[in-house]
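You will see two complexes here that share subunit A, one where it goes with subunit B and one where it goes with subunit C.
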Partner chain A sequence: MELHSLKYEQDERLMRCFGNLDKAKSEVEFAHKKVRYFKDSLNLNNEFSNSAGLNSVPISDKSVYRKNFPAGILSEGSSLKDPYVSRLQSSGTSGERLVSVIHSFKLAERMANCLSINPAFQYLSKVPRIKTCRYAAPNCSDVECANPRSTMQDRILADGTLVLPVYHDLLTTPDSMLRMAFDELHSYEPDLWYVDPMHLSILIKKAKSEGWAFDLDRKFSVLLTYTFATRALLRQISELCAGHAPVASVMAMSEFGFVGLGCEHGNLHLNDKDYFLEFIQMEGTHPDDNLWELVITSIGDRLCPHIRYQTNDIYHLHGACDCGNSMPRVSFLGRSKDLLRLPSGKYITPGSLDEVVGAPKWIDIYQLTEQEVGAYIFRFTGNKDCFSDAEKSQLRQKLQALLETENVRVDDVNYFPFERGGKFQLIRKS
Partner chain B sequence: MKASEMGITEKLSSYCQDILEFEVDTDISLVSQGVTSMKLMQLVGKIYEEFNVIVDITDLMEDVSVRTLATLLCSETSTDHDIEQQSAIETPLNEIQRTFWDMQEYSECKKAYNEGVSHLVCGDLDLDLCKQVLIRLVERQPELRTAYYVSEAKPVQRVLEMADVQDKLNIEFADFSGESEPMQAVEQAHRALYATEFDLSQPPNFRVAMWRVGPKKWVVSWVVFHIVTDWWAVDILRKEAALIYSALIKQDGREAKLSTVTPINYNIDCYGERERDEAFWQSRFEAAPAEVDLSTSRRPPIKSYKGDVHLFELTQISYADLNHVRETLSVTMSSFVFSAFNILTSAMSDETDITTGVPFLNRYQPEVQNAVGIFVNSLPIRIGVDKNSHVNDFVLSCHKELLLAYKHGRYPARSILSFQNIKTKLSRSPLYEQLFTYYDNTIVESEYAEFGITVKEIEIPRGTCKYDIAFFVTKQGNALHTKIEYTKALFSEDDITNMVNAYQEILVRIRESQAQPVGDLISDIRAQYFLNNVDEIEHSQSPALSVAE
Partner chain C sequence: MSICEDKKLEGLDSIRGDFPVLAREVDGRTVNYLDSAATTLKPQSVIDAVTRYYTEFTANIHRGRHRLSEEASDRYEEARYKVALLTNSASNEVIFVRNTTEAINLANHCIGLTKDDFVVCCLDNHHSHFLPWLRHGNVVLVEQTEEMQPDLEHFAELLKLKPKVVALTHCSNVTGNYIPLDVMSKMAHEAGALVVVDAAQSAAHRKLNFSESYIDFLAISSHKMLGPSGIGCLIGKADLLRDGEPMLVGGGVVDYVTADSYQYRKLPHKYEAGTPAIEASYGFGAAIDYLESIGFDRIEAHEKQLSKAFIESINNKPNLACLGQMSLENRAPIFSLYVKGVSDLSDICRALSDSYGVMCRNGHLCAQPLVDHYAGGQVIRMSAYIYNTVDEIEAALEALNSVVQSYV
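Take a look at the complex of A and B:
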């Protein structure tokens, strides 16, 4: 079934758009009138007024918002000291950090609209004050999370979110900190576990090996974010939560807050009420490859509107979903920098790799490393008891077919390097 | 309840129904009716969308009802709110600011309009406190956190909130104490500091550097783009910094005694007597001013802003000597030394129509006396040198012309450029290429015995110059000093030394006789100093002071 969307071209690449174009145009006009950077850089001519999309408006990116922060990107008359202004830092500690500002009531509105995608999460909108525990790579701002001596109070953010302790290099987190995270996850009694699936899987594994029992009787739900949720990770989380707590992947960005949520069928839907979503066909791909880069325009943001903001996230677009939700159904395939391009021109995304790997019991975590063009190492760790040479050989053959080379090594390892900032790259180049 | 409040209550009730999906009691706390914080936030968002007002209910969360929301909303939309909104909005740049805004057209020019000051600080300086002092100063002085940018094709300014700039407030530290010649390293760093091209839309438009040059010895430099402030503010900042530093150490609350500085109303282009002032300046520039060339070197086709600076003490005269003469003539010291400068320029250029820039403070409003800001208006003082007149009459005529110019000094010099006959060129400024300034005891040397700190203002080359020549005469005790900033493309160091010697000679000759004809004095000086009379030049040279001195 085809989704209803606008279609046009940008630089000879196909585009698919979702959302309210009139509101998106109003957002652009507002930014042009009230935000200095856009005042200076936009030229809203007849082409803009008459066009059936936003393609006459230049695409903006992180650097625009970083360079012009705050005076150049805040709307006239607003200030960082205004009530309800939330400052969000991009996660991780590597590279240049981006500080985003959003009205907290916009965050609430976006969250509410996203939660409406999955009925299992709608009860959250009835919780008087949602208590959240975050378990993911620590941000610079809350670097106490990586400090084994920090207390729970040290790590409770202004909005009441408890950040659980963890090292940047997840797999080197000492046992004492894992125990601390486990205990706090219970003693804080959160309504919501807002977690990196990789982090949660490590905690689950540790709890299993140490005999720590999760209290699953209390009502809570699990939102997975930050890194790509592989089938292997989902399997582990599902084993713990099935029948106890709803689990879904959430698409969230520090620039916007909630952008999308997985529905009850496990399909990701992006919020086209609070955003105008443009999917631009990835450069050098055929429309049949179904690889699209997402560009977002905020709707109704009177503090710091985002205009055609390049997310660098790659998606597959799908037809309508059986859940009946009209928000566009997509699959997140990873960040554009995490993609591999084979000599044939074919792209390997974390999504396409994960489809091949699947969720065998003997794989908990894996990573594909491109040593050089045409030479790859697939490293994995998992339950050695479930391991069989035949399955390993089968996987190798599938990977060879995917990667279009014979030169694929499959290694059982105990450790994976994380990025300095604490993020895990499913596909990396050595 | 007012009718407007009733209407708002009705609207809010309907929003509640949309968001909460049930009808609420307008007088009962929304939370007690089962409204969650997320829903309340959505309601705040809806109110913002509809009324463009952010209703802050952070402290009332549990108790807020539709009725209280309506009351809050009514009070937020009142006049006070309008005033607050107004203060946060942008205002157009005035003509004086536009002068500096226009400098951006040419990057070399823009860099030349970086102003600042350096001090040698000796003693136990607490660097953390210095950072706090900087933050307090920026907090106090709105101009230090103002952004300048184009809005709807017009240059405008907007004072940012402290929170918007605080993260960018830094003191740049470097340790040159290990260098064999620390002051040389400082000079290099200082030139680099002045080569900063500020992005005016991203305050702060200044930099502060602290260079360690020895044990307990620092050079502290502040550079700022001229659009932010004039020289007057250096004294303000210096005094405030000392007071805040002291208050922070003693924790005695003395800082509270500083008067509040409010954002400046720069709308001084429109004032009652502008037309009268315009008529004055029209009368002075009915004909275009003569192009005065003080150098015989070929002028570059595009004005150069690369410059240097030299300091001299005028050893053959004292302040007391000149003060006696100027009292006899009933003129101010600034008029007196300015007259001598006109004789000098006439002798150097062989020109009798001399226009010189003279900075005029232009701080009329009492509330701006303690404010950092740009008010200074460099007035083009046009002097017709009557060679037949006697020196005393000439000095008096210069004095009168200066007073008249000051009387009409609010008229922005930039507006004079729009007079019909004033032509612009790439090679020179349209009105004048020499600037003259007299300062009375501006060199600062202070001792703060309680903290064991001494502060001395020092001069370090910037590598730039705005005019062909900027000629400063300063009184330091009973001595007179000169500081000459000059364009390197037009003058050598020897030229400048020669020029200062000629100036000193003029002052000496005036001291001796005020009855001599101006023409004779000009001819003598020209012959003696500017017609290749090398022997005599060498004979009468003043010793140049080094930078360290």
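Take a look at the complex of A and C:
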């Protein structure tokens, strides 16, 4: 592990890096040689060759990969026609939009290295062709799974993944479609449920209320991804799966595929074999706040190398994990656009909010909205018979302390909006 | 802005500055705006949101994948989410239309009536919530009690006719009274009727809770809720909307079209043919933000003060009489007055405007059956909202009283 500081124009921010620095530098050199955008923009001077030299390479972001797609960011001689090139689309519609391309072998390698983090999932690396059911926002796939008239065949991707039908605005999905998803999740006999925890929780809840019984005797595992897995969601999922199927959170990005996995202790580890990971202290924070933005450099990507790519994801860094895995142990706190900054300068992340909310029986889903600075609405839904006014007002007090204001309204509701791309924001700004 | 210290706006004293029209002078006189039941004033944030569409996003929505169109669509849908959260409904139950009138006509169309179908209406229904039912159904009216509330015994009798629709007005635009909505919609629902509620007047004053009510269709207008005109909503139970037939068809409502068939898109898009008032939706979203940040508790507390000022002022002016209950309970600060012995109130209204800066409305208020029934002619309506002060109400009634002296 290296620890050094990086000079920024204004202030000095700490940085922590994990992975093989030499390989990261070779990736930069490769990009400089073979990829038009980096050829034109990088100036690999003397500074680059000394040991901390990666710092001299500018940070890239989504817009670089969006604006230069495809010719400017693909390496010389590669083609989108290659049958082994997978095309992945981010669910975002505005600043988030992006089309990414990854070589299938690279995807598989990254996945295998991530699965090695958790013994319960390692067997999947040996399954010749993992049969996956994906249940997540429709925009994450290229099939029209939001079309109520689509058939199962319409929704099977080239790699054999079945995309279950669902609407973008999850809670408006009609009952008939929930039933279809439930049935297909069984009839397709998947090895892996690759699901948004929010989506799975809705299906669990529906199944419970309708008396549909999940078949838990078949061997399968559950990977949670896409949205922040709150304690309340994990509670609902573990009620179903505990003792039957392993459940872990996976950190995946449409730009890279798998980036990390939760270990047997439920702690997230990020893959520092396939990526060089740089964590940069968030602007305006104290090192004790332990808030880091992740920047990734791919290792050995000969199709579309990512160079110091800003993920916009925020993490806590932790020390070694009891599981013994040496890949860095982190917790994911949310996307930087989902953070709030209080007038005192304190950041509120989905992670810090979730710590305060916890997983009481009476909360299934919740969302915090900042109406304006200093004014918040906390909306939740859950079992209405399970909470007292006292518990509700206790939660309100905790939120008031977290948000440093009296002005917090707590409403119980029946509906939550999802972004048009299908993502759920735990923290919304009006 | 001068606001009397001892009659503070329950913490709302700072908001007058948000409403540019209040800074306007007419003939050197500031505006005393008491016509919010017709349309509310708009805060600067709403005006800015409308303008932003033209300065930042201009693009059509839900038509293609370019960046501006995606951003414009995101914001349009964001407005729908805000309506859903405000009214405790789901986004696919929120259909954007032009206004309450269109919303009710659409509900009417969706339901589909024949002349044999009974429709129970209340005497205080606005023409918008009366004519569509009169045109297609067989309307029966609920009698009113002396307090001008619907007579629930009579209502129960009418429900025995097995009406297809019960058309209720949450808050009257004439009397400002709220009906017992929960009780009546439950009775109607249990009698097997569809419940259609006109919430044009209540939506800006009280928290609505669609999903936990027996209401099947709910109609609102943005322009009565601090938002722009040109947009309103029909909020309908998803199952009913799924079965219903749209009033208009055209661009945006179908998944695919062949030479001889088509397949509707899912809710709510099936009901939104053609390019909508995109900029108005942004303004509507900003208006909802504004309402949410004030909060209905404060709005109701403030309105109670305004209603109290109305009642006290009217009570000490013998020439003026009020149509409806003079009680503080269950009412919005909307007061319709008639002047004993004076039937045409147009001149009086003009004088209030031009000599005193008081903007209010006279006529039958699009509720002629009711106004004719009780007032026998026109009324003057003064309606206040969050930006009005007790002083303004007292001044307006003093003004009315002195104008009236010349007519009686």
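The rule we apply is simple: the second predicted complex is superposed on the first by the 407 of 430 C-alpha atoms of A that agree within 3 Å, B and C clash if a C-alpha of one lies under 4 Å from a C-alpha of the other, contacts with A are read in each partner's own complex, and residues count from 1 in each chain.
Please note the rule applied: a residue touches a chain if its C-beta (ideal position, glycine included) is under 8 Å from a C-beta of that chain, and two chains touch if they have at least 3 such contacts.
All values derive from a computational prediction rather than experimental measurement.
*Asks:* Taking the superposition as given, does A:Gly300 touch the first partner, subunit B, the second, subunit C, both, or neither?
*Replies:* first
*Asks:* For subunit A, which side has the bigger count of touched residues, subunit B or subunit C?
*Replies:* B
*Asks:* Which holds for A:Arg179: it touches subunit B only (first), subunit C only (second), both, or neither?
*Replies:* Touch status of A:Arg179: no partner.
*Asks:* According to the stated criteria, A:Arg149 is in contact with first (subunit B), second (subunit C), both, or neither; which is it?
*Replies:* The answer is second: A:Arg149 touches subunit C but not subunit B.
*Asks:* Could you say whether A:Arg129 touches subunit B, subunit C, both of them, or neither, answering first, second, both or neither?
*Replies:* first
*Asks:* If we overlay the two complexes on their shared chain A, which of subunit B and subunit C does A:Lys23 touch? Say first, second, both or neither.
*Replies:* Neither partner.
*Asks:* Touch test for A:Gln371: subunit B only (first), subunit C only (second), both, or neither?
*Replies:* A:Gln371: touches subunit C, not subunit B.
*Asks:* Looking at A:Val413, would you say it contacts subunit B, subunit C, both, or neither? Reply first, second, both or neither.
*Replies:* Touch partner of A:Val413: subunit C, not subunit B.
*Asks:* Per the contact definition, I'd like the list of subunit B residues that touch subunit A in the complex.
*Replies:* 31, 34, 36-39, 41-45, 48-49, 52, 54, 56, 58, 85, 88-90, 147, 149-152, 158, 160-164, 201-203
*Asks:* In their shared complex, at which residues does subunit C touch subunit A?
*Replies:* Touching subunit A from subunit C are residues 67, 70-71, 73-74, 77, 81-82, 84-85, 88-93, 211-212, 238, 242, 255, 263, 266-267, 289, 292-293, 295.
*Asks:* Quick one: which bits of subunit A touch subunit C in the complex? Just the residue numbers, please.
*Replies:* Interface residues on subunit A, with respect to subunit C: 93-94, 97, 146-149, 167, 169, 171-172, 174, 371-372, 375, 377, 379, 409, 413-415, 417, 419-420, 430.
*Asks:* Which bits of subunit A are touching subunit B when the two form their complex?
*Replies:* Listed in rising order, the residues of subunit A that touch subunit B are 36, 39-40, 68, 70-72, 74, 76-84, 103-109, 111-112, 124-130, 300, 302.
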